[in-house]
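In the two complexes that follow, chain A is the common piece, with chain B as its partner first and chain C second.
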Partner chain A sequence: MSHKRVVIVGGGVTGLRSAIALDDFGIESTIIEKKSEVGGRVVGYSKIFPDFRDGRKIVDDLAGAVSSSSRIGIIKETTIDHVQKKDVNYTITLSNGSVIVADAVVLTCGFETFDATRQGEYGYGVYPNIITSVELEDFLNPHGSTKGKLLRPFDGNPAKRIAIIFCVGSRNKRIGNPYCSRICCSYSTKQAIEIKELDEESSVTCFYMDIRTYGRGFEEMYQYAQDIGVKYIRGRVSECSTLLNGDIQVRAENTLLGRPVQGIFDLVSLSVGMMPCADAGKMSELFGIRRGSDGFFIAEDEDFNPHSTDTQGVFIAGSVTGLKPIRDCLLDGASVAGKVASYLKKLDNK
Partner chain B sequence: MEVYNKHQREGIWKRYIKDIPDNNYFLTLSCVLGAFYPGSESMIPKIYDLLGLNWGTNPSTCSGWTCCSGIAYHGDIMPIEGTLLTVARLWSIAQELGFDAVTTSCVTSFGIHCECKVLYEHEPGLKEKVDKWLKDSCGREFEIPRYISHVSDIYYRYRNELRDKHMQFELVEEKSGRPLRVVDHVGCHYSKLFPEEHSLGGADYCEVLSGMAKAWGGENVDYPERRHCCGMGFRQCMITPNRGGTMASVLKKMRSMSPFEPDLIITNCPGCQAFLDKEQWAIYEVTGEKYFIPVITYQELAGLLLGWDPYETVGIQFHTVPVEPLLDKIGIPYDKNSPWADCIVPHPSI
Partner chain C sequence: MEDRSNLIDESAYHMHMALSQMSQEFYYTERCLQCGICTEVCPFTRLNTIDKFSPREFIQRLRLGLLDLSGEDLWYCTNCGSCEMVCPFEIPFVKVMSSLRNLVVKQGAGYLPATLKNSISSLSTYNNPWMEDPDRRSDWMRGIDIPAHKKNSPRKILLFIGCFPSYDVDGKRIARSAVRLLNRVNINFETLGNKEVCCGDSSFRSGDSDGFEKLKNINTSNFAEKGIRYIYTLSPHCFDVMSKWYFKDNEYHVKPFILLIHELISSNILKLKKPINKRIAFHDPCFLCKHNKIIDEPREILKSISGAEFVEMEHCGAKSMCCGGGGGGVFLDRKKGERLSEIRLDEAVRSGADILVTACPLCLSMLGDSAKSDDRYSDIRIMDICELVLEAV
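Up next is the complex of A and B:
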């Protein structure tokens, strides 16, 4: 293949994996990453489901493979300002002033988490002992802000009674996010297990709508959670409020018992759903690709051509096409490289 | 750390700012407020005049004036069609006087007017139907008003002007300088029916009363059952066998707020005012639990802080829980030799 360059927008695990896979084909790539380090969100996960591998190690392994290749470049703390298409090439102007000409573009911009303040009834941002799953992830991380200790933000005391509320910002027509975020049940169960393994005397209660732990090993993880004493209550939480000592009162419906329930907790974690990445609108406009009503990018054909878009030479992979577990993102990263390689080869043959 | 984050709460309620007109109001009256707490309703025109506002009303039977029919609609003895017609006539009277902003003194009325407006917005052909009914029944025509506001919206809008130009007292304990702890109880028909469109601050952090309390020197109390209904509910309070539901709701709220030691409760709904006030005595009689936290309407609160006569103008003698202890705290003078003082029944809190 003649000298070709691919620009990968987003340096998360999907972007890193696609760069490595492209390198296997002998194709050069440049990763554009808006933050100061690559790895996206996975870098902050000390354990990922279902096998509890270290997310940081996964990122380090990927980053190591990337840095060992002379065909992969990374430009950090940079975004795309302008794109011009000429014939089959893309002239991309970056926010740092530099210009790259690409033969193909892969969008791997990831996702955003739901702003939990939008569900005011849960009191996030108002009551200190109500946190999100992102913050819980940090608390559980031995290298995080609390060094792996589960403490109540209100007074710094150990948190023994924890509630995890599923589906915050997902499956909610009122909010405008009617879709399921796919991975919240799994990551919430993983977090529940981590809490119990950290302190077996802790009480963990999960308030859920449905348990959607699909995938190989996921159902087993859910069964294990129950075996070690994680409680599951089926029903939506109607509101959270605070007591004078900072304890959180959670009111919900137990649909299996058919009656309302109320509990007092030290810490409440809101398992926030995911939304299209903040740059999705901008990327859609710059590259002329369509988005669905849910805001995620639309592929040329979801079943037969899930990486191609309507725009020639622009490909999508990872969470930008819809939320998925990390292992599926890695699979996507490898898979899109094959599609890109095939496309570039056809360009060569013309 | 505070039990709740005031700064964040400010940010959340501001998502739900509604457009409150600044003048030219048509005032509708409540069917019960003037009977239960006459000072509350009679002070509204005084405030409108004090602020130099252009306003009008026409409760003469010759005009066809009636109550909004909310009590009948919610009590299930009048269908929505009857309510639509009744409200259409009220709007016609308002427009006859040249007003396009309806301000209701009752929260149930406010909910009724909003519900009618929303029905017209969402049901094609409804306006034409009601046009015909109104024409056939009383020869009138109507348009949907541009603004539906509750009088508490107007008080909120002018809260700073009232404080800066007219008020002689503030919500502060005279002896210690401590801001009084204020529980704000907003009527469900104000905050919960159409929280995003018609409630200032939405449902969860409704600001209409707490904004007044803050502006007038008080400190808001956030307690777990803050959003709980007072339990009035028409079908509860009007049907004797159901009245226990009303009392149970008030009891739940009183038990929840009591640890926070509020100095007063302010309301903007006649029903909430009546039941939070009167049920405290009934609760004492039935359970022996003493609360006796003064419950006053926002109109009464404004009148007291303006220095208007507590008996002759504000009408505190109509309260079941004595308001005099609150006046003593603030330092508002009142005639202890007033004939009304004989009506103060000694109770355990004095």
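Up next is the complex of A and C:
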């Protein structure tokens, strides 16, 4: 059994950033990461909106700062089995058998993407040339499985005609996710730009409901996408079907023209929305914190105490509290440290 | 210069007030994201016609008080329900159409096609949509005996015929086949005879909710008099309105007749001995597959016919392409070349089917009429499932 000041659950960019920020306060922390590597999802994004920075490099910088500090420890390939609260401490039993007593816990478990097989009409998992934005991200990554080449999974031929369908698994009460996932318009636009920059001859068509590129620099990115020829059609796709040669036919109403529209594509990417992390239910139970109707964690006060939860000593940061761009996750990681620091100070003064 | 901009607030307010008096469903339209998925799946948008129908646009105009009920487009909707099945915010568009049609029928707030005006008034006076003599409603039974009480039968059902099987020349084939099938099994059944009146679906769908209530009351008091709790309807339309709008409690069990056929075949009471060596496709009636999720049973029936090769059309199951008959569509005359039934028949031809089977008298009428009027479809036989099963026993 070891005593630690802070345990950070989740070694993605938010967890790494909060460890570094705590280190700035001279506070030691231990990151518990369920995978074999830290970096979460960002490590797989070769370009991040709006500045098209390399995700791998961001993770490397963060991981470098973490490893160069003696105050930050990382336990990989481990999850939490059991939590017991004793006074103000948390006795945490890990899956590797070891036990940690922590003064404060920061939950940075991230998010899941929507399982596109739940929208059967889009044919994901049935027609090979229909992929999700997650897979597209891998295809566009020069270090990814296709070495940055955009190929049709059906036959390996180059994909020249690409459709990107927005709002898959979001803004849909029917499947249980009425909320907007906030970043999909932006990441989809970013991907559209990447495709065009990779191959000028390619044709990219985005089927959208609204364009919510809301952040600083996002609208400009959307404008740039249109400048380089990305097509935007306003209409929610009703179904995708396949032709014998693997081509995908997409149908929607072009609501701005008031006419039905259909197109044939080599590759169709479903921009899937965000969902609470797979462990949200488990964490909620283990630490006694509430979840909203959308499944994400609820803070003690969304305006004044966004990092605190109903449980004293348990803090939340990053995508666990809702959908946000990577820049905001990093911001969260930095700001939660201040909250934890002042909490620990109060504990010490008691 | 004339200012042609719409005054937003005033007309929206009046429309809002009128509609909220009509129905609760109006409030659901506030959730519409204008995404257009409803319009894409709407079968009407597949027609090659200059007529336009966009459920999405209807809702947009509705919310802004710009709705113009003087056009024909209010009547294009066949109530198939494809839109409701895909709407991400579960807006009950068919009910919205119903409320608007009620505004027209009851308050004269717009245009009512002449043929619907006639069918509505006929339902009110003659209890059927064609001004047919109510005393001849059970004439279709001529030549068929309904045997007296079958001994040792554990069951007694009420067979609700419906207007089409009673009066329509194609529909009567359904009624006669159904009764012949029932005569082969040990189930006691009765009909309401000439006391039967329209289930009210045609009134309900055309916006005459008062007419519907009147017909409903006649039928429900007749049911009470008969005292038979298990009712099977030959038409999925009758089944839909009765099971959803007639009874408040579970006293009566209403089901479509096809489910009885399915039950009798799967429990081996009705034995299909004769082979039918044909390729058969099934046209799912909207009121079975979409509104009531009855999709597998018809297929199981057809697959148990020996020698039959079952083929699916492009749009099958819950994605079935509407024949155009629902929502009053069966009373409207669309030009040849601009009919949903033709799109459906083209699919049947493409599937290579010899026989196109359906399980709804309206579908039978719509598909049958269009098939007769064009040589393209002369090789396909349009049948009701009761007729087909009768040929196989």
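Operating definition for what follows: the second predicted complex is superposed on the first by the 346 of 350 C-alpha atoms of A that agree within 3 Å, B and C clash if a C-alpha of one lies under 4 Å from a C-alpha of the other, contacts with A are read in each partner's own complex, and residues count from 1 in each chain.
Criterion: a contact is a pair of C-beta atoms (placed from the backbone, for glycine too) under 8 Å apart; a residue touches a chain by one contact, two chains touch by 3 or more.
All values derive from a computational prediction rather than experimental measurement.
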| item | value |
| --- | --- |
| Overlay on chain A: chain C relative to chain B, clash or fit | clash |
| First, second, both or neither for A:Glu219, with chain B first and chain C second | neither |
| Partner chain(s) touched by A:Thr117 [first = chain B, second = chain C, both, neither] | first |
| Which superposed partner A:Gln249 touches (first chain B, second chain C, both, neither) | first |
| First, second, both or neither for A:Arg171, with chain B first and chain C second | second |
| First (chain B), second (chain C), both or neither touched by A:Pro153 | first |
| Touching partner for A:Asp81 - first (chain B), second (chain C), both, neither | neither |
| If touched residues of chain A are counted for chain B and for chain C, the larger one | C |
| First (chain B), second (chain C), both or neither touched by A:Tyr127 | first |
| Candidates 25-33, 169-177 or 331-339 of chain B: the single one with C-alpha clashes against chain C | 25-33 |
| Chain B/chain C common contact set on chain A | 121, 239 |
| Contact footprint of chain A on chain C as seen in their complex | 31, 33-37, 39-41, 45, 52, 54, 56-57, 86-90 |
| Complex contacts: residues of chain A adjacent to chain C | 121, 167, 171-175, 178, 209-210, 234-239, 251-255, 258, 260 |
| Chain B residues within the chain A interface of the complex | 1-5, 8-9, 11-12, 202-205, 222-227, 259-260 |
| Chain A to chain B touching residues, read off their complex | 117, 120-121, 123, 125-128, 153-155, 239, 241-244, 246, 249 |
